[in-house]
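Next up: the structures, one after another.
Next, two complexes with subunit A in common: one pairs it with subunit B, the other with subunit C.
Take a look at the complex of A and B:
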């Protein structure tokens, strides 16, 4: 099917399709967050309103805020408060909300507002843990951007506090709400591409990751991604997304990781690697082979799932069968033989297109759904707040993605094969 | 309802499709694997594009010094030289530099570059090949698929499978036995104006049909001339919309002749046909807006 011929279908149709394909009970039990595609009744009264606070209004925080603004009225949500300790971001947030949201420099003042139901945290990584823990203790549900925390203990503390307070902790792995990923993962779990032997994933960009500085002394605050105290660089910013996809595909977590890392190109005083290559091993002996670097964008990003019966390239929405369907003339012949028909097979000649027809370019995994996964995950967060709980698997996926991103960093630093420490099991 | 075994694999930049009216699945699978291995072996040896291929080694080294070749490669080059003579130069394995020239100069209609067949020197006793001109390269593009199918034909003929239909990129067909519901296999030539309709059909039994054309239809259905079909005699791209199909017992002969006859006029084609046994040649031209068929 040509991309241009693909049609737009709504959420209910998507849910129906994926449920029929997989059995609705199976689909909803393994991916309970699929439910949000089928729900549309929201109470309109003031007591049904979900009130959110946003902490950290940098680029990502702004994007999250603007996404929520697109459904504020429809889903009876209010952006009640914003917080950022960096003046330009603070002013920008006030502008975005037309001054209607209460504005703070200190997140603790935002958490002190009683009728805030949940917070969206998009601060630099090293601030995630203490803000999340404080928010949960303050009785707020939490949506926190990935990765969860700068170190393993803080990551575990965030998860444990979520359990202890019985409040939502949803981590920003938006691919879990992408129709293409949901369709792909269900089909993989149904065995469509056979036994998975390897996942190859990469994220390549051509950029130095630096932001312009209004004053030199703001270097570490603005360019926090480049310094070890605040970030694990490519591990927590990029790899964490793709290890989550690999764990989701494999329905389990790795048993070990080896990794090389270096500052290979951007020798500009940064402390985090600009070049990493890792191999994760899963319990069945399959591997995730991962690499990321910042000086060449030719290959972009992808997760290639290699199975005994086929391959999926999920980012580009493609599936390739190991045994692609026969060309039309051969299909014609097969049908004739099966039906005991003897006929001419029009096969030679110019309808054979040497440059294209012989090149098997695969099929699309999913239709061209006009649904934004970042928006969907935030929409889900507000619905979960209304229900008082979220599917636990969302938190678990976020947790193990963060843990294994940090373990890859450890493998790169020690040059050792790192296995899982049972004290971090949840 | 009759059962059918179907399988396919990619090789030589195209796809080889195998259809066996069902006998024994294990037998079919085993034969398919043998076919796949053999075709890949041939590709690895004859490819112009694979750097490790025997042909690449010859192209890289044969001007500097003689390259020792095995018996199979020696016979292949001899065959190519013989068919070059038989077709009055129309089958030419040294056209690559002309192909490259026309690709790099899409507006050009002719060139001073010439064939390099004369610069190929084979030493039968030493079993070696040498090029006496630095620009000489061999490209077995119009030979390889037919040669691979010739090998496949032997495997199929040696197997207990009684009937088979094998399509290599849909332009080279090999058949064994007959269609389970017919007396032969009927291979139609697709009409590019009315796709899916046949303008001519061959009755094929234990033989092969190869089709070469100097055009194809692109994704939007527009007719495009192939940049790699150069007339070795006139040294230009043939702009007549033309298809040549050759039926022969030998897939290799069918492949070579269909390639060569795109460059021969009707008179020379007829003269060549006289020298050949059990070969059927059909040329289809579309210059009047509809298919015009000439049978030899």
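Take a look at the complex of A and C:
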């Protein structure tokens, strides 16, 4: 099957999905960033071409670039320039683009190209802010990977510059474009699982997060995620995704956070925690209970939304009712008879029975689908560029996710309950 | 190889026994539907389960018949 044909099939499937997700005007107003997919005005002339520059072609940057390449011709997009100050990445990017894109070591040279409409930034975290601000001042729309910046002031500066320049600032929270998440959040907002009392989220990995070094002096450049100067580790790399989901579910932001963190397992000279546990409190008293660590991957990652009428595990696409559908009567009867015959009757034992988890496999939130949300968010970015604007909610979601990731880091460092500082309100 | 001949009367008897088993299974289903306040549509939707259950009951009856037959044979032998 040709790529174009496949793209069209996936796109039709996605539109079908989001029509489920945005079935009502209420849902559409809470997910305004999806409206763009309904537009079909893609001019095919050279004038209508959207020209992108990519800054930072590491693992994530490469993935983003390859995603855009899958729809370059279909959506009249061109990867016009690439930039990376690390030689292997720079060469790799030239190879990916067959030497067609202009290549730079210095992002400022890329920003100086007049006909570039937007830039995709996937550099280490501490570089996001100044590159984004420079790009916006240079008149480029910006797609920046999460989290936004290494500190709160830079995060605010990025957002303020976006407002001041009236240019797009989209942050890479791809779950906002996932059909499963869109359907799940719509159903949660429609009250399907009742009142939310708690969200439990976690991201567990069994890896040391280290990349192989060609030279020892490149340690901090390659393994930037392990050093406080460049990254907040688990907070900005992983938690930032899941706090965005929690804020989206709750339709609001937390009021406070408490957190513990430690370097508990990987005592290899790193500065960022390999083990964190936080509790965020929301205005209605509900909580996000979050933990992440790097030495055990048994539970993987998940966001469990616990409501009075049901539970959702969105990562694995599952919904569970608090009142599971009854089994057929005849099976129920056979089960009961079986229990009466084979169950052990405790004599003189403890009367307390442990409330272990209900064994119930639940239902799928969304049907199986073959769409990549990373690709969808990049497709949306190119469409926003063509429109010249993006819904503000998109930037706000990214902003508050970044801010609350950094506030959790602060809570872990100070061992205090951290509330929101009004000077960062937008 | 020796041919196994099943007489008509034997076949008839076994079919009747299986029908009794099927009747028991349906009766159990009706009882379960009433007991658990389930939908009467389960009389149709659970037919595969009922047929399976009837086979299990039939097999159980074979076991009981086998035991009864053996006991009767032992008693007859003892009387001789």
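The working rule: the second predicted complex is superposed on the first by the 364 of 426 C-alpha atoms of A that agree within 3 Å, B and C clash if a C-alpha of one lies under 4 Å from a C-alpha of the other, contacts with A are read in each partner's own complex, and residues count from 1 in each chain.
Following the convention adopted for this analysis, a contact is a pair of C-beta atoms (placed from the backbone, for glycine too) under 8 Å apart; a residue touches a chain by one contact, two chains touch by 3 or more.
The shown structure was predicted, so the numbers you read here are calculated from the model rather than taken from an experiment.
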Partner chain(s) touched by A:216 [first = subunit B, second = subunit C, both, neither]: neither
Subunit A: partner with more touched residues, subunit B or subunit C: B
Partner chain in contact with A:324 - subunit B first, subunit C second, else both or neither: first
First (subunit B), second (subunit C), both or neither touched by A:333: both
Partner chain in contact with A:343 - subunit B first, subunit C second, else both or neither: first
Subunit B and subunit C contact sites that coincide on subunit A, given as residue numbers: 326, 328-330, 333-334
Complex interface listing, subunit B residues touching subunit A: 1-4, 6-8, 10, 13-15, 17, 19, 21, 165, 167, 169-171, 173, 179-182, 185-192, 195-199, 201, 209, 211, 213, 215-219, 223, 226, 243, 245, 284
Interfacial residue positions of subunit C with respect to subunit A in the complex: 28-29, 31-33, 35-36, 38, 42, 45-46, 49-50, 53
Residues on subunit A engaged by subunit B in the complex (per definition of touch): 323-324, 326-330, 333-334, 336-358, 360
Footprint of subunit C on subunit A - complex, ascending: 326, 328-334
